[in-house]
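First the structure, then my questions, so here it is.
The letters A, B, C and D name the chains in turn, as written, and every chain counts its residues from 1.
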């Protein structure tokens, strides 16, 4: 059987291919000369599967799509506070090359406009590193996001530098506010090298997938940045990534995204996938015309909008039954699905609304798909409180979905692989714990 | 055992109680005279559980928190196109009472600023309904969100009207642009009645929970608005709900939210819960000081940020095994967890990478927690393609988690409650389907 | 002989008549329906001569041309400080109907934009006078400027009120900032009555001439406002009168001016004349197309630019001679022309550089055309210092061009009508003073 | 006798000396280190008299006061059209270092803000001249305005260049809009050299006096720029010279002016004098605190406001009499004073209202102080029309105050030095013309 995902991508490309509105960027010959009919789209899942259609291996310059990644590197290299002190996170509602500095401080409004992106570039690498070392660090970082060694398109870079008047203006303005503290020309040159890095749609999808995958490249397995950095970057992409049409994008597409003037466009779906499209004709905002169409279609076809409420799900508490009786009685709570706060709350409620009278309580998470940290903590607090009330508590967690299962002071928890109910020679059912390799045997511990 | 959620809320309130910075709104006596020390917080889950701490039953006026709900009603009553033609969705980066109209059209930038909120108010109810009928419709709608009949605080409303100069100015400006097409005074009066509706923190939490629950009030079960409206409203709250600090909120808290000048603050976590806090002292942006602190804490303590990438989860494909052999061989794919696009893709890949050679294929979703529409369609397409390749396909779905399981043209799918492997008198294992009440019996259908 | 001024005006009208670009104001039917081909121009000199060509007696509504006059009335009625506290004098660089309020105070930037004009209207008459009395006061005042009783066009006024949404918006905004302190609707109604006053091009020229004539209507002789008010009004017209093209006007035309949307346009040349044109087709700024052309021509043809440096003039000191000798010697300084500071300085220099040794000094101003206050004071100080040095000083001033000729403490000055040199029986010339009716006789006083 | 003008200046300085509010400019050490107590004021008349008090010979850098002069040089060197295409004339209402470019074109709003001043600097000298030649041309030009060779303060210039980030930003922005078409750094360096030219208060007063004197330096007699350039520069100084307080200055002081950050401040009174003050402490707008006080005082004490209406003057028509009778009758019109349009109109009226029946008409301008071009043309047209009606016309103009007295086609005019009435042997008075050296003799020509 063939996967239908390439078919889907082929169909999507074929549908938008007819739209030849928009124009390639005109400000430098290298961009103007791009083949305007190039068209490609790539999905990269958080476990590293890559689907592509069209021109997925054609190289083009990354341009502004480098901005969220360089911002991520700055946050990693310098920490949040120094970076936030110099670059804001507010949408500007303005075009990418507006100056958009805060009135008094001169702080760029966000890292997705050029002013903020140049500042973020200047904040990569260790403090005091020179322009050349910094460019190396950025290219290394972008390469880590992409999972392969990227290189600069020197012709484009040289041409950009010749037309960098506005960026030089912005950089000198930043220097005058002491947002930049070094020679502005070096920063602009470094920033333009960053923008001139060559990527393919496949690279971009993997870079986006690295964000969607909590900062770990799905193919190389390298942790490029941490989760807090990822959250910050995705939040800023969501509100500032699409310039002056931020609200339209947020309502209609709802995918944290970033576009580049060479025709690239990326989106990152937290926990799911990275998406990239490539089509060089741009609309008036400077976004790829067919790229925007593709994202609208992806969002609508696939329910990828971040404000899409997940559909009604099975109850987290699959069953709540008593096995055995008298002092041999065991209360068994079987949980299932993905547990976030609201699910954990339901478990708490189950235990508080129908407090178990039995001396032993089993919480079975073997059908649990995922559990987040607050839910883990809530579950362990339930365990602790049950212990304090005199109950013995067991956690059936064969795959260790609950990390570090320590219920804290006063709590006690026994983790087992499975429990089975067997009919013993006595006249009551007995619960049998399963641990280790999956062999069924009598409980090793006293219950 | 006592639930730890009230404890958590008590602790949170107690931690912020010491902060008495900020001031009650001063522009009308009714707000200025509010008891500044009031403090309450409520969680309402999407299945209707309500946790509260502090002043959860004290009534205060809803003020701007009515904005997202009235916007939802306008979208419901008039449809998206007419509403979007008159109210934008772009963040303004400005204070709530800035005029913030688009340059040429006079269209308010978004429905969370007063200009947009008055326009949204004017777009509730059927076209041509008078001011009084419209106010009734809005109060009905807010009541439906809250799940109880709400009423207007006449004293506050009268006082607001006396100080409505700026709103009258904005409304006349909207009239001059023909965004409003009726007497502006009537619209302002209606809008101020809307703002003067009395609510408790409990009401607000349930209103937010209705948004979190895809538009259905968790207690009354009433569908107030549809899912597309909810997605639109949540998107706009996410980008425009907190006025000029939208970016700070989006990065640090990451919960779609709205504040009111009487001290209320709500947040909605799609699929999880509604949150409300109440504390009348306001910061310079007009947001409740302690409310903002509480939300920061909730977001950080509980991983409620919308850009929080869910933690690594178990594989969607739990197992992929062959039972029996030769022409009796059955391929069984057991799935688990919540399946969205990325999960469905994994299933597709499993089938395409390791194409089943067996004549019968069983897809077991009995351990699946939830499945969204795109994943459902992908799964059914897998079924259709397997049929076309000559396979018989069975879906084990005892609770009907896959709605409308029609694989489309050329596809054939048999839905069963369970399959069991039994040792038959022949020397090969035979798969036994289970349907109906759970009784084990031989497969009724030919496989 | 026929005056060439009507010929000039006829020629000018005929030259611009071909230009039918622009459109009549469209926002109310009464203005839209105006005959677009109407064309008139009027010059009114400061001594009351009126030259007109074309449609000089056609009535139309005064509209924004009322603004400088109502501002003048407010300054007169309330004084400078209260008016300046509520209306600024800064150019806005914006269109007439922009709100243009100062950020914090809400003070309108200047009285030529609608916000400032409505505020100025509200500041006419005594404090506390109601809307009706205030309208009366304004119409009285405009009538005094025009020199005839003006009346309101009720149809236009009613129509304006129906389309007053933007003005109502602005007025409510002013009320919210407490720039207005009463019901905004009453102010808007009064302001629109002010704008609906019917005038002819002749009226407008006389109104402008009243400003050019230091506040005194040249025909009626009525002092409408004082000189300080006139200076303030002319200054504001010079910088803010032509809206967003203020700088173009200031450099190219250089005449303090004001236009109205019904097609009127006025200019005031201090000390010379008032000009008015009438042609209803408007350019994109809302100024009369042919009116602007006419003013450009007038300014260029006639050297009316306020920054036009007057041509090189004859020396102020016409002669400086000694008559007679010994103790009979008289120093006679004959002055001429218009004396402002620079001329008076020249006189001072003449006396200080060549200090008169003679016991008697005659200063003859009978050929002086005009003298301003600072020059008068400087001349009298010269007299005082000469007295203190022991000189007898005479002022020949037959027409009293030097008012209040008191040289102050220690000074002494004898004013005479003429001096004549006669050959006496002694062998020296003797100076003979002439006073009274022009008859020559011996000096009555001892010199 | 001592002149009272130095006394006046001494008194003015002494009155403001006590005000030590404000601070010296802080952005470079050279300015910060200036002696803040320096105080000087200079008047320079259009005929070259210079009065000073206080620190009139202390050198300081000219800074922004160079702007109007460099703008004048650009207008001279390149012509109006190319300069206006690149620099506007609209007030910006913003601080000097705001970017203030027009939205689409990037054209600086006016030449008094840095963006416009740098553009004007780049437009001095012949097109294509390099930075060094251009700086030479500007320094030459400024020197010509001042009447002595000026030089650059190299230390200040070097320091300015080190802190030129904002100016570099602006210049690069201008380059990006192709307002500048060369390396921005060269322009900034040249502009900063221009700003670092050393002047004294005396120099500045003479520079201003050159503007007041129609472009001719009063001492050197050199014509630096033409009258149209002067008018343009004065107009722009009037509306844009004092940055964001333009309206306050225009209403309260009313003198076209320009300030510099080193403490200089100049004003130019067309036809009268140039004024300069020097006091390094600056207010929040960057204007010299005591300089502003001094100008307010000068304006108020001396009636120097450009909108000051000149006081009522003597009639231009001094007398209108008939001498002789029958065919020997002569109509004699004696004119006086300064004649601008309004005066010439009065002469026209005299002739048209009381048309001379006499065969000969004498127009005596020997008491006329000055006459502008439009008045000259009107007078000559009167002559032409009288000729056409059969009159012989004589102009008594001993000092040639009416240049080029050609009445045009069909007109005939005889210019004489004087006319005298003598009793002849016939019984009628005969008019005797006087020409040449003042000797009385019979008319040489036939009348």
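Criterion: a residue touches a chain if its C-beta (ideal position, glycine included) is under 8 Å from a C-beta of that chain, and two chains touch if they have at least 3 such contacts.
Here's who's who by UniProt: A, B, C, D = Glutaminase.
Because the structure is a prediction, the values reported are computed rather than measured.
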Practice prompt. Using the contact definition stated above, find the chains touching both chain C (Glutaminase) and chain D (Glutaminase).
Written response: none
Discussion item. By mean C-alpha position, what chain is farthest away from chain B (Glutaminase)?
Written reply: D
Worksheet item: In whole angstrom, how far does the Cα centroid of chain B (Glutaminase) sit from the Cα centroid of chain D (Glutaminase)?
Response: 71
Item to complete: List the centre-to-centre spacing of chain A (Glutaminase) and chain B (Glutaminase) in whole Å, with centres computed as mean CA coordinates.
Response: 21
Worksheet item: Quick one: chain A (Glutaminase) and chain D (Glutaminase), Cα centre-to-centre, how many Å?
Response: 68
Worksheet entry | Sequence positions of chain D (Glutaminase) contacting 2 or more other chains | none
Worksheet item: Line, ring, star, complete or other: which describes how these chains touch one another?
Response: ring
Item to complete: Over in the complex, which chain A (Glutaminase) residues touch chain B (Glutaminase)? Could you list them?
Response: 1-5, 43, 45-47, 49, 51, 88-93, 109-110, 212-214, 227, 230-232, 234-236, 238-240, 244-248, 250-251, 254, 256, 269-273, 301-314, 336-338, 340-342, 345-346, 348-349, 351-352, 355, 367-374, 378, 381-382, 385-386, 389, 399, 401
Discussion item. Touching residues of chain A (Glutaminase) toward chain D (Glutaminase) in the complex: what are they?
Written reply: 99, 165-166, 168-173, 175-176, 184
